[in-house]
Amino acid sequence: MKTIGLVTPGGDAPGMNAAIRAVTRIAHSRKLQVLGFERGWDGLLTNNFKRLTPRSVGGIIQLGGTMLHTLRCPKFEEKEGVRKAAETLALNKLDGLVVIGGDGSFRGALDLGRESGKLMVGIPATIDNDVFGTDETIGFDTAVNTAVKAIDQIRDTAISHERIFIVEVMGRKRGFLALDVGITVGAEVILVPENECKMSQVVEVLRENARKGKRTAIIVAAEGVGDTAAIAKEIEKHTGSEVRLSILGYAQRGGSPTARSRLLASLFAEKAVDLLGQEQGNKVVGLQNGAISNIDLKESCEKRKQIDSRLLKLAEMLSI
Amino acid sequence: MKTIGLVTPGGDAPGMNAAIRAVTRIAHSRKLQVLGFERGWDGLLTNNFKRLTPRSVGGIIQLGGTMLHTLRCPKFEEKEGVRKAAETLALNKLDGLVVIGGDGSFRGALDLGRESGKLMVGIPATIDNDVFGTDETIGFDTAVNTAVKAIDQIRDTAISHERIFIVEVMGRKRGFLALDVGITVGAEVILVPENECKMSQVVEVLRENARKGKRTAIIVAAEGVGDTAAIAKEIEKHTGSEVRLSILGYAQRGGSPTARSRLLASLFAEKAVDLLGQEQGNKVVGLQNGAISNIDLKESCEKRKQIDSRLLKLAEMLSI
Amino acid sequence: MKTIGLVTPGGDAPGMNAAIRAVTRIAHSRKLQVLGFERGWDGLLTNNFKRLTPRSVGGIIQLGGTMLHTLRCPKFEEKEGVRKAAETLALNKLDGLVVIGGDGSFRGALDLGRESGKLMVGIPATIDNDVFGTDETIGFDTAVNTAVKAIDQIRDTAISHERIFIVEVMGRKRGFLALDVGITVGAEVILVPENECKMSQVVEVLRENARKGKRTAIIVAAEGVGDTAAIAKEIEKHTGSEVRLSILGYAQRGGSPTARSRLLASLFAEKAVDLLGQEQGNKVVGLQNGAISNIDLKESCEKRKQIDSRLLKLAEMLSI
Amino acid sequence: MKTIGLVTPGGDAPGMNAAIRAVTRIAHSRKLQVLGFERGWDGLLTNNFKRLTPRSVGGIIQLGGTMLHTLRCPKFEEKEGVRKAAETLALNKLDGLVVIGGDGSFRGALDLGRESGKLMVGIPATIDNDVFGTDETIGFDTAVNTAVKAIDQIRDTAISHERIFIVEVMGRKRGFLALDVGITVGAEVILVPENECKMSQVVEVLRENARKGKRTAIIVAAEGVGDTAAIAKEIEKHTGSEVRLSILGYAQRGGSPTARSRLLASLFAEKAVDLLGQEQGNKVVGLQNGAISNIDLKESCEKRKQIDSRLLKLAEMLSI
């Protein structure tokens, strides 16, 4: 193998640039060239890339976003698009492609691997942490800390006004982000889509808190639980207290990556280049049992990562 | 004068605790006692206060919110409520009251001053910066920086995805916060309620940017301009580009105050205690022409602070 | 068991308060009372404690330092001191004691366990991450991020002036902090006490960088490597370039804990209370292979944690 | 006038990039071209510049440092160097030069103005805030906040260990930074070179604090007061308490500029371009009485800015 490709086809996550840097430098130290395709799959459809060198990826480890940009690419979802991308791989004599992203990106990689016969290796990077086969994704730790800092600030107002706040965090259909954020801000209630949200339980917790003299409550809700404005109104109706809603929004997706997101990016990158060096493809690298490992790409795409129900119980115990 | 009161009746702002600390310590050094009424006007209706001492206000300079708490108090809006509060002032033999807050709090102070005949001094503290008679309010600088940090993060995603983002910041009916935030994040467009927002102009700016190769745009909108979700859709319709909306929300109200908000709190507090020491009331302290000054409380309540139109023009010139 | 003690005898670390909160609340939910001894071992010598309740540990999860305070206690290093502390345990009918700290604190716990026959459980909390038996200690992630943010700022100046900077980070005699910080800031050179620092190698790296056009270098040095001012001068002498030194200092020990330090604190606390509930003592809880576990207290005190040499190699490869 | 030059000859300060951006874009909107000389005066000696355009200064408003780089340039201190720089101005048909920096840079500008007869306008940018003619310099607010955040963290450890800490902040020979930092962190003692530091007074304050039950003290010392390690030892000797020293160092020079530093940069830039547009040179722009103004360049170089002694008194009153 002489040349590998690199692409970030999905939503951006803090630490993607650290991964791009690490893949490039590690590959370079193993005499591999790296082509960085721009704007996700679109770059593979249009053969739009830049040659990445140790120098050209300097000064990016601390930057959020992705220097390769990204773009939704409906064409790649069609057979014709995948064929075109496979041609681009052949044209540039790539033997392997590193795909940095989440499960959507990995499903694309699976298709492209089948069509092209080239080695595909996925590096999980998404703030949602919803990739099967890894305990943590690049960007997750950063997003958790961004949300925690914002909610620490919101608590100032919540305490001053002795009010109930619902804070909606990201996470798409899953509750990983909400759970970690909820525990670490000391939320009184955590709502995740993996658990049925019974309004009666929420109201009971808030009433019990009021009896104990806790006048303030922070409810952390995953966006996946649905209409948080409606939930806020429902709680107002049942408790008779004013409830304020704050939707944290896109700031969670950006920002300088935390040390952990940068480190994970570097370790995942090393493993990805290792796998390609050993002519292994159709893999997703990951963190399992505290060690860098890898699983089958197809398996990662098909299986559903479980949320840690013991953490939900711990959260309950800690919010008394 | 022997004893003064202190109250934070409105929304909280970062730096209020620094002001409480400074009023207490400066008053103490001038042999004045300080009673801190809890939960805004409610504490004056119920005679609920704590004696503030140099020690009891230690370790709070860096904390957001208000240690005296605050509460909406509809009763105080009625004549009977104001009368009751005046009784509390008399009961505790207070000659003066320091009211930390925004224009709503100051209107309450005006009423209470009339009813009680006691000296009232207002310290402007609100993230909205909409108090007439001062160029800056306590908490404004902190809120601007909180919003700027969040938007710096959002720009990572905006650039990676080459998209248009509308970010709604606070400010109630005014655009002071949006204007400062907009300039300092380098927003492509700033929407404030003081300026009529012509959709055609916004669209023209975005199109012109696209022609110049600027694929990303940040539009900072004051909450006072109305339905930002509708604006986002309108822009999508006219430009054909996807537009994302992020409402920054309550995190702007909290957080550790910036150095400037803490300093302003200390300077305002000194002036407020000075005024009371000179038996001057019905005043609002402020920053004018770079110096600590004061204006008439009634005037501050009645006049409307102007937004700096030159800043709006500068913003335009800087976003080319 | 009815009552357990809690003490933080060594240097503070961010997340200790989160651990105090979690131990207290989890113990309470299991019908255990918790006595928090003040100022480390001194509180055990003087029987100085406060009863910790779910309410009294509210609002501390986000605070740095330790609400129980800490103090160096030379008396406890003598046999008589340990005997006195054991008496305090007996006097208050404690069956177990949770000791939050580093290896120094754990050696104290070992002595006290022997003398008193009571169950001792250690929770590793130190920014140095130098406790055998756990991959990570409470506070380490926070300190790494504090250092990373500072060095990201220093790099602005380093790049603007095209200079070499040595940044000394904490870590006592070990290089764990320097290694993680060095990788995640993208340091050109990392100096740790576990590796012999050959000046000739450092100079060679810097010269090679200069040849490659890298005009700036960040050298991250663990305090354990010795006199960094002398190293700076040595490098100046050999390279002919100006070298600036920055010693990050005590800010690394404080600050609001990161989400990860708070989560680890919560998980360790749960394990510690579990162990005491099962009448198991002489343990240190820890994170091993990604899971919460525990090892023998004596073993933790006696064995030396190894630094990950693969990380050092990775760092080298990433800094080309 | 058709073309102006821009240079950042001294130490970097956060907000310099915001000033470079603003000068470029405002100049462009007035049909002026801008040449950015690289590495300070060296770029003028070697005719090394880049043409700055609205696009080439995009995405830098939030970055610390200076994109033009800077370098100490001993040659420029000699007559021959100034002559060479003047030739470069003539060669490129520049009528004016904007010099962003502190008093050292402005003395250079004064020399170059005399030699070349070209219009020189200074924009004050230094974290030291020691430029005569402006109440505030670009970067000062950022450095204050950086120091405040670090000391807020150090206070966690100070309180936990009930110790005295001396924190040395930057400021060269002046105490502006130390004074603002000291007030806003609530320092017990502030040491600035403008005030004679009497050890007996410091010790008396610390003793009095101990009597009042304040077990912790933060002493903020300007680097200009001299050997802080010696001061720490002196205090240890007189109080019998352990004293810890932390030198904040270069992190104060970098980092993303605060909103205020960015705003000041934009306002100063507008004024500087205005002045050049009106064929006015030999000026330093500044903030005076809350408004953007300008003073004579020579006067700014020759006069010494006074420290606000009322602030020192206020600090004392606030630290009781």
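Going by the order they are written in, the chains are A, B, C and D; count residues from 1 in each one.
In this section, a contact is a pair of C-beta atoms (placed from the backbone, for glycine too) under 8 Å apart; a residue touches a chain by one contact, two chains touch by 3 or more.
Bear in mind the structure is a predicted one, so any value in this text is a computation, not a measurement.
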Chain located farthest away, centre of chain A as origin (C-alpha): D
Provide the C-alpha centroid distance between chain C and chain D, rounded to the nearest whole angstrom. 35
Taking each chain's centre as the mean position of its Cα atoms, how many Å separate chain A from chain D? 40
Residue numbers of chain D (touch at least two other chains): 152, 155, 159
Every touching pair of chains is listed here as A-B, A-C, B-D, C-D
Would you tell me which residues of chain D are touching chain B in their complex? 21-22, 25-26, 28-29, 54-55, 58-59, 61-62, 135, 141, 144-145, 148-149, 152, 155, 159, 180-181, 183-186, 212-214, 256, 258-260, 262-263, 266-267, 270, 287-291, 314, 317-318, 320
Taking the touch rule as given, give the residues of chain B at its contact with chain A in the complex, in rising order. 11-12, 14, 39, 63-66, 69-71, 146, 150-157, 159-162, 165, 244-251, 253-255
